[in-house]
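First the structure, then my questions, so here it is.
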Amino acid sequence: MNILRPSIICTVAFTIAGLLTGCNKPSSVPGAGDDTIKVGEFASLTGSEATFGQSSHNGTQLAVDEINAAGGVLGKKIQLLTEDDQSQAGQSATVVRKLISSDGVVAILGEVASSRSLEAAPICQQNKIPMISPSSTNPRVTEVGDFIFRVCFIDPFQGTVMANFARKTLKLQNVAVLTDVKSDYSVGLAKFFKEGFTTTGGKIAAEQNYSGGDKDFNAQLTSIKAANPDGIFVPGYYTEVGLIALQAKQLGLTIPIFGGDGWESPSLVQIGGAALEGDYFSTHFSPQASTPAVQNFVKKYEAKFKDAPDAMAALGYDSALILADAIKKTGSTDGTKIRDALAAEKDFPGASGNITIDANRNASKPAVILEIKNGAFQYVQTVAP
Amino acid sequence: MNFRHAKTFLLGAIALGFLASLFADRINPYWLFIFYDIGISIVMAVSLNLINGYTGQFSLGHAGFMAVGAYSSAVITNQFGDLSFLAANGIFAVALLAGGLAAALAGLLVGIPSLRLRGDYLAIVTLGFGEIIRVILQNMDKVGGARGLSVMHGWTNLFWTFGLAAVTVYVVASLVNSTYGRGFIAVRDDEVAAEAMGINTTKYKVTAFVVGAFFAGIAGGLYAHSKQFITPGGFGFMQSIAFVVMVILGGMGNTIGVILAAILLTLLPEGLRMLSGIEHLPGLTAERPLGWIGDTRMIIYSLLLIVLMLTRPQGLFSLKKSSVQK
Amino acid sequence: MTEFFQQLINGLAFGSILALIAIGYTMVYGILRFINFAHGDVFMLGAFAGFYLAPKIATVFPLPSIAGAIAVLIVSMLICAALGVAIERLAYRPLRKRPKLTVLITAIGVSLFIEYAGQFFFGAAPKKFPDILPVLPITKIGGLSLNSNQLIVLAVTLILLVALRFIVMKTKIGTAMRAVSFNPEAAALMGVNTDVVISFTFALGSALAAAAGILWAVNYPSIDPLMGILPGLKAFVAAVLGGIGNLPGAALGGLIIGVTETLVSGYISSTYRDAIAFAVLILILLVRPSGLLGKKEIEKV
Amino acid sequence: MLEIKNLAVSYGAISALHGISLSVQAGNIVTLIGSNGAGKTTTLKTISGLLKPKSGEIFYDGKNIAGLPPHEIVARGLSHVPEGRMIFSNLTVLENLHMGAYLVRDKKIVRRELEFVFATFPRLKEREQQIAGTLSGGEQQMLAIGRALMSQPKFLMLDEPSLGLAPLLVKTIFEKIVEINRERSLTILLVEQNANRALEISHFGYVLETGKITLSGDSASLRQNPQVKSAYLGG
Amino acid sequence: MSALLQLEKTTIRFGGLTAVSELDLQIGKSELVGLIGPNGAGKTTAFNLITGVYQPTSGEINFDGQSTVGCKPYQITKRGIARTFQNIRLFPSLTVFDNVRAVFHLHLRGDVRHALWRGKGYHAEEKSVADRVLELLEIFQLGRFRDEPAKSLSYGDQRRLEIVRALAAQPKLLLLDEPAAGMNATEKVELTRLIRFIKDKFQISILLVEHDMKLVMEICERIAVLDYGVKIAEGKPDEVRANPKVIAAYLGD
């Protein structure tokens, strides 16, 4: 008799489905007739990457609150619908479909992790809903189609920036690379750094790997020490970098460690402490930068969340701001029109620097290199794209 | 119900799936893809039930087989560009089959230690195999490594998901409900006695693993062509455990219960999501009175799981009669 | 050679923490025959207990200090012991007579609950674990960098293992634990209150997990609500490797996993580090199907 | 000493005992005979608290002990040697005996009891440090009885002490039971398949059939009862 | 006449312990042989050697003219040796009917493909299996329990079902391991009748391990006595009963 059941279940399911399609039709005209403009956000609010997802979400929420406090866009308030994808593969496709087809959002913001952005991007593209990723740096994300944007720079740019910095400013010859193989971001950034570093005559002395979530890096660091490099490139997230720096110092490794924007977070120095002194990383903005956009953001974020913002928060904030700006400019909530407006954004003053959307829908903006000095981030130099 | 008509039901279910797929574009895509998830969960849970429920071998690596199927089929279909309706479905069928076979091969590999190991030891080894598969994929640059693999074609549809779910149920139920298949349950009930009664326990255990893995591979293919993007991290041991939960909540060795549990557990998080999205409640004017559910959705989910097990430990849908039906 | 010894010390320090967690798995398994999936999360709670307690304890014993560190350790152990007992009573005891798989699912539920609730209440971002131990300068012996934390981890683990062995082998409740693990019904007929013994086992296992959590946090001072998953999984592997239900086996398994992982990722490739523990496990189980020290259960036919 | 009134026990929906009543006088050996599945073991397990009764009362020394947990019942002086012996095969013989004295706090008493057990079963003394699992079946049975004696019981329940033992050993075990009963004036409730032997050494007997007491009387008369003879004595 | 089963100097050691030592034993066609001895004498071990659960350390076991050494239990069962267990080992969650049916896979012509395709041949075969199972159950008065799970049967019925299940393998030799354990006098009389009936109706050989001397003496044609793994006596029931070695080791006075 259990053969019979699936067919019954199918029948019932399809009946329900039929009903659902009926119910959902009215809202499928994006944002129309309402006094709000619905914007969807998908983020890893729980699960293994929740710390990044929550930061990014905080930034986004801050921007939306700010916009609404200033009277909203096109005379309407922005309603931010946030869905959690639990840092799980497969979930972002589901939630983005829900946001688009059940909630009828006009645009999508998200995700931090490139793999989850890549899952959602084809859906947004098919539905002609613009999607802005705050901080997915993998080049493939925006290659999905002309509705997919991002407000961060991409791995090849950042990789090259750090390679040049290591070669020219730090004058390094032999560098070890310690990659988080679980993270697409880390793997991508490592790849472009290695390319950049070797083409300028540097040598990769050792390559070691870890998995995000690891806490013990002694084995890798001991091997790195044995290879005797003059610097270590760690294209990872701050969640591990602090511990890596600590353990490196404990093993007697005194060479500089440097990495990318994944480092940027107040927790980095809290955990790594003195072990990080004299280390470098590239990122989007310097909190000391005097631009009003940056100052305004840092002040408001600290007031609201009682914590200093990290890069993910700044990018989340910018993704919402630039979307609102595009909607304002085009005067419409139509997906295609928003897309066109986004593609035309130039020198938009964001918390993560001035953003210009290039032909490939990536943010073209300068990278800032910071040094960790006396437990704070010190500005070193700006590298234009 | 007389099992004699099994084949009729199978064909009926497939035909129905086909009919439904013709109307797919009238279904809200969000729900449509949830149906795909349900179909995939059914294939996974029912095939795992053959290993865990009927044969009594405790496998914690089912998502690993799914990964093998997902990657194999995706690598095949990614070789092709846009195809006509018929060609696309033809290629898809071949790719799914290939994914299933690749996973079955992996199942054979895992099945071999099952000959020597029992209970928790077997469980941890299957878990280990699942993790090893994940780590290998993570380091295979050809399929994108940790960066994941984009699957070009979204060929999964209602016909394939529910047709294959029906086939899985048919195969597992047919296997078990035959004189030959009573051997599976005999192995579960008492391995020593089964061996003494002339049942080649080795063959049965390996068969269960191979058949179970085959369908997990097919489910992987369906998954890959529904999500269109796969990463090794999506097939970790927490995923395997999610399927084990379905089997146990449905009642070990109870196919109907397991199907219902697969549906329930796929819908539950979405249901909580919907609740939190309700904007107005009668009598309340607050904008999202249930918004807190959104923040605590997974806490509620895990609490529900505990409460369900405490109140219905024999499985949610276990029937009074023996869990093994005639 | 220096590098090798350095790696060996790294591996032993890492492995001894795994051993402490593995013992909790093995003790619960020995007595109830089920895998307490939430054990890794109790380990996490141990570290967080230390995190929230340290400022309070600092008002009595200034931190960092040895007395303060011991106080943090003991109080966290007590808190987690109570938590372990509570988990057993609420989630596992009602299912005592049910198939072990049912309890396993409940344990998974408890594990998810602790993880999600942890993310909700503690926040997902990693926190800096306070310095509770005075940091000694790094000693160098012939190129070897000996860091005081690693040595302390080794020493504390050793002390706890000896204490545990004494409790299990020499005390009355220890004998009762062994009796209950062999046959709860017969133990009850001897006048043993099995519920008390089971609670005690959970208390002991959870206290060790808490100690592991504190040692871990001292050594790797970044804690987050999901920090228990990976060490929990590896400790579980270690427990099975040593022969689940066998206390020295769990300790041995922890050390083996720690050392092999470190050596293989140091010398062969760190790429496959996560897979190594499992590969070692599968190889050993194929040769010894009941683990290294596990007794082969000859089934009476 | 022990008085059971209308005791009913069930396993889920299946009823195992439908209201039995029996009493055991101090100093007596009382035997409970009946076919397999009649409820003999269930009766003992319910008295010792391993099973919870559905209804009915168990009076021991005038107090109702029905439904108390096993450890409290042991504390009152009832000891149960379970079917299949259930010794702790992972512990040594000595540790097994010490487990028997789990509730005895006075070390002196433990030592005294230990001497008595060793005197009764000299074989156990020889094997003091041996892991109990390596003992032979007969020795294990001795250990099980010795272990039960360590708790200083006033009332001893024995479940099938002769099960699976060779005829030679069965004889020894029964002799020891009589010896213990006489020397320690211990009240004994005996469940036995070997009805012949059991009735030989006991003072009083009950016949249990599918959860009901069908016959009772002093052992001598039961042995003469034609019904008992044909059903249980193979006469 | 060549014996159906022949053990020649069969020995098995576990670590240092010799559980069965140089055992010689023969069972002829349609013969009913008893194997007795004190606990731990090696009777069940001998059973496990014959059925392939253990492999002999040295010595030979021949069944029906061929060695069984190195064969797995299921292969030996296929060749015609079926057994029951000291502590009943049914398939507890399967019904009475299915307990017996599971064994019938030995006599199936089709395999997995058959079960999956469910063609005409499959249904015909399943029908004939069902008929044969029911016939067997009826012979042993278990027909009315056919749809009950085996675990819900009474002790005596479970014992009987285990024997029926063994017979479903259509053995030439049936091994019964303490079938009377836990039975009262009436049930033992019943069992005696049942064993005789099986031997006559199915024309098979039976090897019986049993403690109940009355039962063993009554039905066995020949008895072998084991003590500490060594055969100390063999012969007709009366000879064995009178053997002083047997009295000393086992029977007592």
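As written, the chain order gives the labels A, B, C, D and E, with residue 1 at the start of each chain.
As a convention for this text, a contact is a pair of C-beta atoms (placed from the backbone, for glycine too) under 8 Å apart; a residue touches a chain by one contact, two chains touch by 3 or more.
Just so it is clear, the model here is predicted, and its values are computed rather than measured.
**Student:** Could you work out how many touching-chain steps separate chain B from chain C at minimum?
**Tutor:** 1
**Student:** Going by C-alpha centroids, which chain is farthest from chain E? Tell me that one.
**Tutor:** A
**Student:** What's the chain with its C-alpha centre farthest out from chain D?
**Tutor:** A
**Student:** Quick check: more C-beta contact pairs in A-B or B-E?
**Tutor:** Higher contact count goes to A-B.
**Student:** Using mean CA coordinates as chain centres, what's the chain A-chain E distance in Å?
**Tutor:** 71
**Student:** On a C-alpha centroid basis, what's the spacing between chain C and chain D, in Å?
**Tutor:** Whole-Å distance between the two chain centres: 42.
**Student:** Could you grab the centroid distance between chain C and chain E? Build each centroid from C-alpha atoms only and quote it in angstrom.
**Tutor:** Between these chains, centre-to-centre, one finds 48 Å.
**Student:** Would you please write down the residue numbers of chain D that are in contact with two or more other chains?
**Tutor:** none
**Student:** Return the residues of chain A touching two or more other chains; collapse runs of consecutive numbers into ranges.
**Tutor:** 45-46, 181
**Student:** In chain C, what residues contact two or more other chains?
**Tutor:** Only 116, 271, 274, 301 qualify.
**Student:** Can you list the residues on chain A that touch chain C in the complex?
**Tutor:** Going by the criterion above, the answer is residues 45-48, 50-51, 53-55, 181, 208-211, 213-216, 218-220, 222-223, 225-226, 238-240, 242-243, 246-247, 250-252, 265, 267, 270-271, 273.
**Student:** Considering the complex alone, what residue numbers of chain E touch chain B?
**Tutor:** For this pair, the touching residues of chain E are 51, 53, 72-74, 77-78, 82-83, 85, 89-95, 98, 101-106, 108, 110-112, 114-116, 118, 122-123, 125-126, 129, 149, 165-166, 169.
**Student:** In the complex of these two chains, what residues of chain C are touching chain D?
**Tutor:** Interface residues on the chain C side: 172, 175-176, 178-179, 181-183, 185-194.
**Student:** Quick one: in the complex, what on chain A touches chain B?
**Tutor:** 1-7, 9-11, 13-14, 17-18, 20-21, 24, 45-46, 81-84, 86, 88-90, 93-95, 97-98, 100-103, 114-115, 118-119, 122, 138, 140, 181-184, 186-188
**Student:** Spell out the residues on chain B that touch chain C in their complex, using ranges where they run on.
**Tutor:** Those residues of chain B that touch chain C are 58, 113, 116-118, 120-121, 123-125, 127-129, 131-132, 135-136, 139, 192, 237, 241, 244-245, 248-249, 252, 295-296, 298-299, 301-303, 305-306, 309-310, 313-314.
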